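Encoded as C-alpha cells, the structure appears first; notes follow it.
Naming follows writing order (A, B, C, D and E), and every chain is counted from residue 1.
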Amino acid sequence: MPDWAKHAWRVARKDLLVEFRARTGIVSAAAFVILVLLAFNFGLDRTAVAAVDIAPSILWVTFTFAAIVALNRAFQLELENQAFDGLLLAPIGRGSIYLGKLIANLVFVATIEAIGVPLVALFFNVRMLPYVLPLVGIIALATIGFVAVGTLFSAMTVRTRFAELLLPVLLLPFMIPPLMWAARATGALLTDRPLSDIAGWLKMLAAYDIVFVALALLLFPETVTE
Amino acid sequence: MPDWAKHAWRVARKDLLVEFRARTGIVSAAAFVILVLLAFNFGLDRTAVAAVDIAPSILWVTFTFAAIVALNRAFQLELENQAFDGLLLAPIGRGSIYLGKLIANLVFVATIEAIGVPLVALFFNVRMLPYVLPLVGIIALATIGFVAVGTLFSAMTVRTRFAELLLPVLLLPFMIPPLMWAARATGALLTDRPLSDIAGWLKMLAAYDIVFVALALLLFPETVTE
Amino acid sequence: MLLAEGLHHAFGSPPVRALDGVSFTVQPGQTLAVFGPNGAGKTTLLKVLAGLIRPQRGRVQVEGGRRAVGWIGHQPQLYGQLTVRENLRFWASLYDVQAPPDLLKRLGLIEQADRPVRALSRGLVQRVAIARALVHDPRVLLLDEPFTGLDRLASEAFSRLLAQHAAAGRATVLVTHNVEEGTELATDIAFMRAGRFVQLAPRAGRDSRDIALAYRSAIGGASPSA
Amino acid sequence: MLLAEGLHHAFGSPPVRALDGVSFTVQPGQTLAVFGPNGAGKTTLLKVLAGLIRPQRGRVQVEGGRRAVGWIGHQPQLYGQLTVRENLRFWASLYDVQAPPDLLKRLGLIEQADRPVRALSRGLVQRVAIARALVHDPRVLLLDEPFTGLDRLASEAFSRLLAQHAAAGRATVLVTHNVEEGTELATDIAFMRAGRFVQLAPRAGRDSRDIALAYRSAIGGASPSA
Amino acid sequence: MRMVRVGRWITATALLLLVGVYVRALEFTPVERLQGLAQKIFYLHVPAAIWAESAMVLVGIASVFYLFLKDPRLDRFAAASAEVGTVFAAIVLTTGPIWGKPIWGTWWSWDARLTFTLFLFLLYVGYLLLRGAVGDPATRARYAAVLGICGMCLVPFVHFSVYMFRTLHPMPIVLKPSAPSLPGSMLATWLFSVGVFTLLYVGFVIQRYALEFLREQLEATAGDSGMGHA
C-alpha cells in the first residue's frame, strides 16, 4: 500500500475509532433516520399522495439531512484541542488528510443509508428487494459526490462562526443537483422504466463525482493552512 | 421588572448579540430555509401532488429542521470556554438562565419562521395573506412548545459527544406531535374549514405548551449541575 | 468565611477518588495556598467550594453565598465572539454591578478592550479571565493556577491586586505549582495529594525555599501522578 | 539547523502586527529561550517556524522538514475521547514510528495510560501533550510555555528530558514566562516585544537574576501589553 | 477616486443605452404573436440570465489565478464579480416571474430552469456569506477562491442537466447549435441588449472593485494608527 493511502487510512481509522468508541454515534444516526422518516409520514397526507411517487424523494431528502448533520461533525472533532494542527504538522500529505476524512465520512453516511433504505421500503411499503443492486449503485454514486464536496466545505466552515448554518448553505446548492438526479434515477428504477432512462442520470452522477473529487483533492490544501 | 426576568433578559440579550454580531447569522438562516424548501421539492413530482395538500407539512417539517439546527447552537456557545460554569456561579436563578436561553432560541426560530412563511406562500403559490393572523397564532403556539423542550434537551445533549445527532433523536418524538397538530391546523386553515375544526388542534397545542414549559422550568436545574 | 467539612468526591467508574476527606476553614484576610501534584484533586476541590460540583459527601459553607464568590478556573469562561468590554459588561450585569473603571487599566487591557476575545493571545485572555472574576469585587476568591500565561509585569500587577484584596479582609484559596508566587501571598499553606490534605499549617514566616523543602518531604519523590 | 529570515505577519483587519521582522538561527545543541510580554508574538513566531502559519514576508528553513519538528502549543492537540495510549499510538503512526516504551513512565503517566484524555486533570493532559510532541524523537523542538500546569516533579523530569535532548545535539526554541526554568536550559536568550527581537544574545553564564534584570531594562516598565 | 468615477460613467452610459434598447424594443421590434407585450421583458431577462451565469464563471477563473498568484487584486475582482452576479441573478428571478404570471398564469413553478437559477442565486449568497464569516483577509481570499472554483464547475452541470428535465421554460432559442430561431429584428435588439448588459457588468464590477479597494486601504491605515496591539 503506497504511503499516502496508508496515512489516509490511519486518519480515517482514528476518526472511526472515535465515532464508534461509544456506540452512541451510530445508534443515534439510526434513530435520526427513523424520526426524519416519521416526520415526513405525519407531514404528508398519505391519502393524497402515492407512495411510489414520493418514496424516492423522501429517501434522498432524508439522506441529505443525515449527511449534513454528520459532516458538521467531521472537523469539529479535530478542533477540540486543535488536534488538527497536529495533523498538519505531521509528515503526511494534505491529500491523505482529506482522503482520510472523506473515507470516515463516507463510512458514516453509508451506515446511515444502509439503515435508511430498508426503513423507507418498510414505511412506504415500496418493493426494493428486486432492485437492490442497481439501487446501491445509484446511492454510491450520489453519496461519493456530495460527501466529497461536503468534506471539503466543512474543513472551511468549521473554522468560521455559524458553522452549523453556513455548511448547509454552502453545501446544498452542490448537493441538490446530484440529489435530484439520484431521486429521478431511483424513481425510474422503482417504476421499472427501461435502463436507458436511468443511464442518463447515472452518467451525470459519475461525471459529477469525477469532477468534484478531483477538485476537492486539489483544493483541500488551500483550506487548511492559515 | 422582577429580578428573574431582568436576568433572563440579560442572558438572552447576550446570546442574541453573539448570534447577530455579524448579519451573517440571519442571512444564512434565510438561505438555509430556502434550501430546505428546495430540498423538499425535489423529488416531489409536482404534477402528482397539489400544493395546498403538502404546503402545510413542508412548512412544518422545514421549521422542525431549522429549529433543531438552531437549538444545537444554543449551548455550544456556552461550552466554548466553559462560560456556562460562569453562568451557574452567578447569583441568578437557574430558571432565569433557562428562560434567557429560551427567549434567545425563540427569537432565532421566530426569525427563521418569519422568513419561511412568505417563501412557502411564494414557492407553492398558496394564498396566506388572508389567514396571516390565525396562522401566526398557530405558529406561535407550536413553536413555544417544541423550543421549550428543545432548550431543555440541548442543555443535556450538548455535553455529550454526538450532540448534533443526539438532540434530534431526543427531540423529534416530542416535536412530531405538535408538528402534526400544527400542520393539520394550518391545512384546515388554508382550505377555509370552519374555525371549529382548528380549535381542537389549538387546544392541544396550548395544553402541550403549558405542560412542557412548566416541566422544563422544573427540570432544567437538574440538567446543569454536575 | 469559607468552611469545608469532610469533602468526598469520586469521578466515573472505576471511581477515581478526587476528594477524599478534605476539611478546612479560611478566615477573612487569610490566603490559603494549596500545592499538590497533578491529579491531586485541587481543581475538583475548588469546583466543589464554588458549588459547581456537588460533593458526594461533606459540606461547604461560603459566607455570602454565590454572590460572594469569584472563581478563576482552567478555562477562561468568556465568549470568544464578544469583545473584552462586552464580556465584562455582561458578567458585571449578572451581579447587578458596574465593572470597576480602572480594572482594565490595572491589567493592561486598555488596548485590547474592543477586540474580540477570540483574537487575543493566551496571556491576554488570562488577564480578561482575571478581570472577569474580580468584576463584582468578590469576598471569597477561588483561584486555580491564575498566573498561567501571564507575563512578569502582569503577574506582579495581579499579585498586588491579590495583596490588596487580602488586606481588605477577603478570603482567598490559591492553587498553584509555582512555590515562589504561592508563598509570597499565602498566610496558610496546604499540601494536597490523592484527594487529601497531607499537611495544613500557617506559613509562619517560612520563605519559598522552606516551603519547597517541606513540599518535597510531604509529597515525596513518589511518582508525580500518585 | 533552524533558520528564520525577516519574518513579518499581521492578523485580521485592521491588521495587528504579530511579527515585524524577526531573524535568527539556532544551531544543533543550542536552546533559544524567548521571553516577552503577552501579545508580543511568541506563539505566532513558533507557529510560523512550525509551518502552521505562512508568514506574509520572510522565510523559514528547518533542516529535515516537517518530520524533524516537535511542537508543543497552547492547546494539547489530543483527542479527548481516546485514551492516552491510543493518542500516542495514533500520532506515532503518522510518523511511521513506535512510541518509545519508557516515555509514559518518564512523564509519570503509567497509571493514566488507559484513561480517556478528556477525563484527565490539566497537568496530566499537559504531560500527554509533551509525550505526543516527543513521540517521534524530533530534531527541532518548538515549545510554547510547555511547563504550564506541570507540578514540580513533572517539570523537573521534563527539564531533564530537554537537557538530554540538547546534549544529543538537537535544537530547541523555548517560549516561557518563567525566567528560572527558561534560563536554566537556555544557551541563547531573546527578548521579544511587539513582534520584534529587542535583544538576542548568548546566555554567557548569566543566571536567572541577571536575565530578569536584563529583561526589565529591555522590555521596560511599559504597560504590560506593550 | 478615479476608478470609482470611471465605473460610474460606464454604468450611467449603460443604463442610458438600456433605455435605448427598450425604445427600440417597443418601437421598432415586432410584437410577439402569442405573448404580446409580455415578451418585451425578454430583452431584460435573457441577457441578465446569461451574465448571471458568466459572472460565476469569471469568479471561478479569477479564483484559479488567485490560488496561483496570491494577488489580492484577483480576489477583489472575484468579490466584485460575485456581487454583480448576485444582482443579475436577482434580476432574472424577478423578470422571470413577472413574465411568467401572464404566460403561465403563475409566478413560480418548480421547473428545472427556474429552480436552478435559484441555486445560482443561492450559490452567490453562500459565496458572499462565506466572505462575511471569515475575518482574516488572506484566509478569506483562499476560502472564497475554493468556493468560487467549485461554483464555476457547478454551473455547467446545472446548465446542461436542465435539458434532462421536462420543463415549461423555453429551451434556448438563441444560444443553441443550430441557427437562432428568432426574427432578425428581434435578434438584433437582443444582441444590442446583450452588449448593453456587458457594459453594465463592466461598470458595476469596476465600481465594486474600487470601493473594496478603498475599504481595504482605510482598514490598513486604521491598523497603522495604533489600533494594533503594540
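In this section, a contact is a pair of C-beta atoms (placed from the backbone, for glycine too) under 8 Å apart; a residue touches a chain by one contact, two chains touch by 3 or more.
Bear in mind the structure is a predicted one, so any value in this text is a computation, not a measurement.
Going by the stated contact rule, which chains contact chain A and chain E alike?
Under the touch definition, chain A and chain E have B, D as mutual neighbours.
Starting from the Cα centroid of chain D, hunt down the chain whose centroid lies farthest away.
Measuring from the centre of chain D, the most distant chain centre belongs to E.
Given the two chain pairs B-E and B-C, which is bridged by the higher number of C-beta pairs in contact?
B-C
Could you give the separation in Å between the centres of chain B and chain D, each centre being the mean of its C-alpha atoms?
About 47 Å separates the centre of chain B from that of chain D.
Counting only Cα atoms for the centres, state how far chain A is from chain B in Å.
Taking the mean C-alpha position of each chain, the two centres sit 26 Å apart.
Using Cα averages as centroids, what's the distance between chain C and chain E in whole Å?
59
Which parts of chain A, given as residue numbers and ranges, touch two or more other chains?
22, 161-162, 166, 169, 172-173, 176, 226, in rising order.
Find every residue in chain C that makes contact with two or more other chains and list them.
81, 111-112, 119
Can you list every residue of chain E that touches 2 or more other chains, as numbers and ranges?
Residues 119, 122, 125-126, 129, 133, 135-136, 138, 229 of chain E each touch two or more of the other chains.
Note which residues of chain B are touching chain C in the complex, please.
Chain B residues touching chain C: 7, 10-11, 14, 17-18, 21, 77, 80-83, 85-92, 225-226.
Within the complex, which stretch of chain B touches chain A?
21-22, 24-25, 28-29, 31-32, 35-36, 38-40, 42-45, 48-50, 53-54, 56-58, 60-61, 64-65, 69, 72-73, 160-162, 164-166, 168-169, 172-173, 175-176, 179-180, 183, 187
Using the touch definition up top, name the residues of chain E that touch chain B in the complex.
106-110, 115, 118-119, 122, 125-126, 129, 132-133
What residues of chain D sit close enough to touch chain A in their complex?
Its residues touching chain A are 47, 50-54, 65-67, 69, 71, 73, 75-82, 86, 90-91, 93-95, 132.
State the interface residues of chain A toward chain E in the complex, per the touch definition above.
Within the complex, chain A contacts chain E at residues 149, 152-153, 156-157, 159-162, 166, 169-170, 172-174, 176-177, 181, 200-201, 204, 207-208, 211-212, 215, 219, 222-223, 226.
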